[in-house]
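After this come two complexes, each holding chain A, first together with chain B and then together with chain C.
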Partner chain A sequence: MMICRTEVSKDRKARIKQITNHPYFGFFIITFLMLIVQLLRVAGVPVSNTLIRAFGITMIYIIIALGFSILLGYAGLASLGTAGFVGIGTYILGYFTKNLEASIFIVILVSILGAIVIGLIVGFISLRIEGMYLAIITLGLSEILNEVFKNAVSITNGTNGLGLDSQLIIFKNLIFVNHNTIFIFTAIIMFIMMILTLNLIKSPTGRALLAMRNSTSAAQAMGVSILKYRLMAFIVSTVYAMLGGVIYMSYISFSIPTTWSLAFSLNILAAVIVGGSQSIYGIVLGTFMIFGLNLGVFQQFDFFKENPAISVMFNGLLIILVIMFYPGGLIRLVTTSYYKLKKALAKLKMKWRNYRYGSDN
Partner chain B sequence: MVPIINQIYAKFLEKRINSAKTKIEFYDNYLPIKLQTLEDRYNRKVEIIKLKHKQKLLSLEIPAGVNSEYLKENYETELANLKDKFYWKERIIKASAQRKGEDGKEQIQELEKEKSIKANDIKNKYYPKPTSEAIKNYETNQPILNETLETKINKLQTSYQTKVDRFTNKSNKAVKRYQVININLSAKLHEITKDKIAKYSLEENVVLSLKSLSMHFGGLKAVDDLSFDVKEGEIFGLIGPNGAGKTTVFNCITRFYKPTLGDIYFKNIYGDVVYLNDKLVHNIIKEGIVRTFQNVEMVWELNVIDNLLVAAHTIYRSGFFGHLFNSRLLRQEEKVMRRKAMKILGDLGISSYQYAYPYGLPYGILKKIELARTLMANPKLIILDEPAAGLNDLETADLAKVIKKIRNEYNATIFLVEHDMGLVMEICDTVCAISFGKKLAIGSPKEIQNSKIVQEAYLGGE
Partner chain C sequence: MFDTTGFWKDIFIFILVLVVVYTLLKTFTLKYFKNKDRAKTVGLNIFLVLGILYLFYRIYRVIYDNFPDFATMFMMTNIINQTLQVSVLALATTGIVLIFKTSATTNFAQGMIATFGAFLSAKMIQYFTLNYTDMTVTTMVFLAMIGGAITAFLFGVFVDAVIIRNSKDKSPIGKQMITMGLVLVLAGAMPLIFGKILMPIPKMSYEPNIAFKLFGIDLFITVHAYYALIITVVLLVILFSMLRFTKWGLGVRATASNELVAGMMGVNTKVITSMSWAIAGLLGAVAAVMLTPNATNVTVALMTPTQVNAFMAAILGSFSSFLGPLVAAILIPVLTGLLSLVVPLWQNAVVYLIILAVVLVKPMGLFGKKIAKKV
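Then we have the complex of A and B:
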């Protein structure tokens, strides 16, 4: 009876381990954690509006930061144009829904096409210019876009901001979707984007990008076309940013040019660097540290509400500390401390064992 | 007009033929992997079914008093478990007694008693007195159980067999289809190109040919009217004093520099002669030329196996969307490539490093990893830029062995630049000496050693 039982349980354990060790399992857990607030509200627990909104916005920023991490962490290209691209996404949704009454699917298609065009332009620039100068050029592009948002009043409603009355159109008929459903959709899209990002960075494409980041000449000698992969990295990151913009507009229903300034791009850059530019969990952590902590935790206290500068100072301090002591990002700290903890626990267990059973000799 | 169309069509056909060849190679490599996984899964399933069957039989056997092997095995493992359990209990008692300063003999005696009682219990559990009813029950049910087991296993086996057959058939069909396509396309290609014999031609056993190659940087003539042939399957060494233009020659061959004058011809993996001056840097590897770098260029964020897979980049057939959605083709290809990478690592004797990260590995190992990486791309010509730079004597001797092994086992021609004369004279079949971009002498290592011009270039005139 012993043998069979142990064998069968071994099989069962292996099957459970297969699920928990699956690379997508962690993303599922993160999505579930994000959804908890919304689920609590559905269940009837009074959760404040600002808290839910904080989680929603953090998820949108995670999507944008994922795209940015492919660019920075894998292709090794620095860009400060994120804000402009996200802004275009919001205005595409706003204009197409309000003025043209187009379906959300058409909006997504248009934003992806727009992202490809802009990605191509910036990608071609990146072939000639690298490093800090590329960042400055993208910054310039973003500022140009910002001015366009301010002055193209017929599309963007200028500096007054474009409101949407929380209306989305799915298949011709006007359908009003409330924020709760959009929150859940955002979580699902974040889950899908995480999976797609992981697939991409673990695939030959991701390896080619890393090879290119390490040394362009070595990458070329191994058959990696610099042109193709630089363009691809920019297009992918722009698609992520525009998609983030579309989701932002459908969730917040309001877009104003001042949001899409340099500060936004820098915050995304900070989130990716603080968390760890090559790890998806790191990006989730970094985005939460930069955006989620401020929106979700600090804003709940009156002290921080009265002095909003303190959270900005906290972000600055965090960036300084992380860059000085953990250049690989906070996720490096988490993993190393996890292994240290594991080691310490094993030591403690050994001590306890020696105490209980007496030492071996 | 017609010749241009014909040319384009011929190029298109060539591409199709080459892709068909890679597809055939893929199916050939993937079949054993798939069959192995199918077999493993089948064996595990059968094992579990048999165990469950034995378990059922056991519940019949125990009351009937049938002394089977499995029963004995179970009895012994349970006894062993009991012994183990009581061993630890004894140690707890001993340790606590030691802490108190007692000897705890009484407690141990009690424990022994308890142990013997439990052992007796187990014996009674496994060997009770047989009753006639149970014996009858056993006799009637045992054949039924056996039969069900047989049917289950048969069912599994047939399903396994059908799976194997289906897959082998599919693979064979695909291979056959691509072979037929290959033959048809080749015939078409021949028809188009029969009027004019191949565009470029090389002598029979020549792989690489430089024809009066010149590379000028402004007024500096780094390479000046250099021409030589590299024969198939040889180890060709290019030597020269510092600044002689060796690395420039390399960079011209691998298209990092565009030569000012001169032609480079190469016989690629498909046996066609190509004009390298027309090719782009990242397409060189597709023709079968792979190079290493003087100071190793690893991807430091990836482990050794993934580093090898970077070089197989051009062999993958799955595209961007396949990568994005982790398509089936990509997963299959990944398995094939990983297997290939492991085989290469095993051949070079560094398979113990397969999951290590290159950061912090010894320099000799990194050089070997770079060599292994070149082999991932099915190379015809491997270009080594100072392979022995930074290695000690032992590592250099090891490297010489590895280079020879690669030449012999992978049918690759090797072309190297080296400063270590010991290594060059030991492994090279032909050596070419250059100085200030001009060819001094070419010949076997002995001839070069005895050549007066070379000695002058290295050591100065009299």
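Then we have the complex of A and C:
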């Protein structure tokens, strides 16, 4: 009897371990944690609107930051054009729904096609201009896009901003969508994006990108085509940014040129750097540090509401400290301290055992 | 504003002709030159200058078609009106290039350090107007400008000593991101330190405009822009002669070419870098104080457009020379001003697109030299 029971429990333990060790398990937990706020609300717990909104926006920013991390962490290309690309995504949804009455699926298709075209253009620019200069050139590109958002009044409604009244068109039916529904959809899309990113960076493409980041000449010598992989990195990151823009527009229902300025790009950059540009969990952590803490926690206190500048300062300080002292990002700090703690605990356990039962020698 | 039919068509046709002619020349006549690289760059430069000249000519034609009698005057007035912008941009660009030379990073925080100085100037002006009512505007602004410049100078030393010196071994992109973090820190810190600024910085003088004649055309310039031009020229002449004739300038040039070797040869690179950060801060603060009367008030975002333009000027003129960015800093506001006549509202976008096109043709900028790298 006894032997049988232990075997069953061992089997169960192994099965649980199989599930928890699966690479997607962490993503599932993160998505679930995000959804809990929404579920609590459905269950009747009074959760404030600002908190739910904070979680929703953080998820959208995680999607954008994932795309940016492929560019910065894996391809080693610093770009400041993110804000412009996200802006294009929002305006595509706004214009297509409002003026052309196109279905959301067509919008997503168009935004992906547009992202591929823009990614190709920026990628070709990045072949000519490298390193520090690329950040400046993409900054210029973002400024051009911002001017377009401001001045193309017939499409973007200029500096007044484009509003949508939370309507979407699905198969020719005008639907007034609930923000809660979009919240759940955003969580699912974030989950899918995380899986896609993981698969991309573990594939030969991701390895080629990493080789390119460490040394372009060495990568070329090993047969990695710089042209192909640079274009690819830019296209992927632009697709993520534009999809983020489409989701942002459907969730917030409002887009104004001043949002898509240099500050937005800098904040996304901050999120990726602070968390750790080569780890998906790091990006989630970083986005929470930069956006989630401010939107979800700090805004609940009056002191931070009166001085919104403090959180900006906090972000900047985090960037400087992380680059100077923890180049791998905060996630590396977390993992190293976890292993150190584990080691220390094992040592303590050993000591206690020696004390309790006597040492071996 | 104007009838601009055919403007873009002509320019596109001209660019196409230039490209075709250049390709033909390159394929058929390049073999007759001894130094092929040099011939290539000289040819490219000639064609770029031709393109820019044609752009100016086409703008002139558009104005001429609409106002045949005043076309030259219209254009000259427009160019003279950009004096203040040119002065501000020249100072900001020189600061960025100076830091790039010594610290090998593109300083995104240049505008913010400058705004830090401008905030203190605004505070000083607030103090002067309340306590010294008999002080003239000119003295007040000059004193405030000196105060702001000294603050930015000290702040530049502080930034170098605390942050940049300790992150020497980081990659260029990492250093660049540190300066981006500095932008966020300063943007958050300044409203906390200085509070709300109630009083705008006034112009340096409110006297009537100065009238003068150039090529037989009557023109006038505001006294504020005139003073700004004089200050800029004096500062830049002092800076360039320092770079050329003093030991510090020799040190800067040595550090720019190779920091490690310069340090081994006895150049105190620490002092050189911190001095260049300080001087860049000073130049920026002076530029910010001169610019503020054109904006409404001193705010955190005061220098952001200038900062972007200064980067563009540095890229267009090449980071590797001091004179190139200066030429670009003159070219960009003038082009923006002229294009605002032809394509109102879109002038900035068009200028950035032109810069993008030029940089794609010449990645090292108009005046840059290609530096061979060891792998």
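The working rule: the second predicted complex is superposed on the first by the 348 of 361 C-alpha atoms of A that agree within 3 Å, B and C clash if a C-alpha of one lies under 4 Å from a C-alpha of the other, contacts with A are read in each partner's own complex, and residues count from 1 in each chain.
Just so it is clear, contacts are C-beta pairs under 8 Å (C-beta built on N, C-alpha and C of every residue); 3 or more make two chains touch, one makes a residue touch a chain.
The structure presented is a predicted model; accordingly, all values stated were derived computationally and were not measured.
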{"item": "Joint occupancy of chain A by chain B and chain C, clash or fit", "value": "fit"}
{"item": "Touching partner for A:V148 - first (chain B), second (chain C), both, neither", "value": "second"}
{"item": "Which superposed partner A:I320 touches (first chain B, second chain C, both, neither)", "value": "second"}
{"item": "Which of chain B and chain C A:S217 touches, first, second, both or neither", "value": "both"}
{"item": "Touched partner set for A:E101, first chain B, second chain C, both or neither", "value": "neither"}
{"item": "Which of chain B and chain C A:I310 touches, first, second, both or neither", "value": "second"}
{"item": "Chain B versus chain C as contact partner of A:I273, first or second or both or neither", "value": "second"}
{"item": "Contacts of A:L139 with chain B and chain C, given as first, second, both or neither", "value": "second"}
{"item": "Touched partner set for A:R128, first chain B, second chain C, both or neither", "value": "second"}
{"item": "Once both complexes are placed on the shared chain, angle at chain A toward chain B and chain C, C-alpha, multiple of 10 degrees", "value": "110"}
{"item": "Closest Cα approach, chain C to chain B, once both complexes are overlaid on chain A (Å)", "value": "7"}
{"item": "Residues of chain A contacting chain B in one complex and chain C in the other", "value": "217"}
{"item": "Contact footprint of chain C on chain A as seen in their complex", "value": "76, 78, 125, 128-129, 131-133, 135-137, 139-141, 143-144, 147-148, 150-151, 217, 262-263, 266-267, 269-270, 273, 307, 309-320, 323-324, 327"}
{"item": "Complex interface listing, chain B residues touching chain A", "value": "44, 47-48, 51-52, 54-55, 58, 70, 73-74, 77-78, 81, 88, 91-92, 94-95, 98, 254, 256, 280-286, 290-291, 293, 297-302, 306, 309-314, 316, 318, 320, 323-326, 330, 373, 377"}
{"item": "Of all residues in chain C, those that touch chain A in their complex", "value": "105-106, 163, 166-167, 170, 172-174, 176-178, 180-192, 304, 308, 311-312, 314-315, 319, 345-346, 348-349, 352-353, 355-356, 359-360, 363, 375"}
{"item": "In the complex, chain A residues that touch chain B", "value": "1-4, 7-8, 11, 196, 199-200, 203-208, 210-211, 214-215, 217-226, 232, 278, 355-358"}
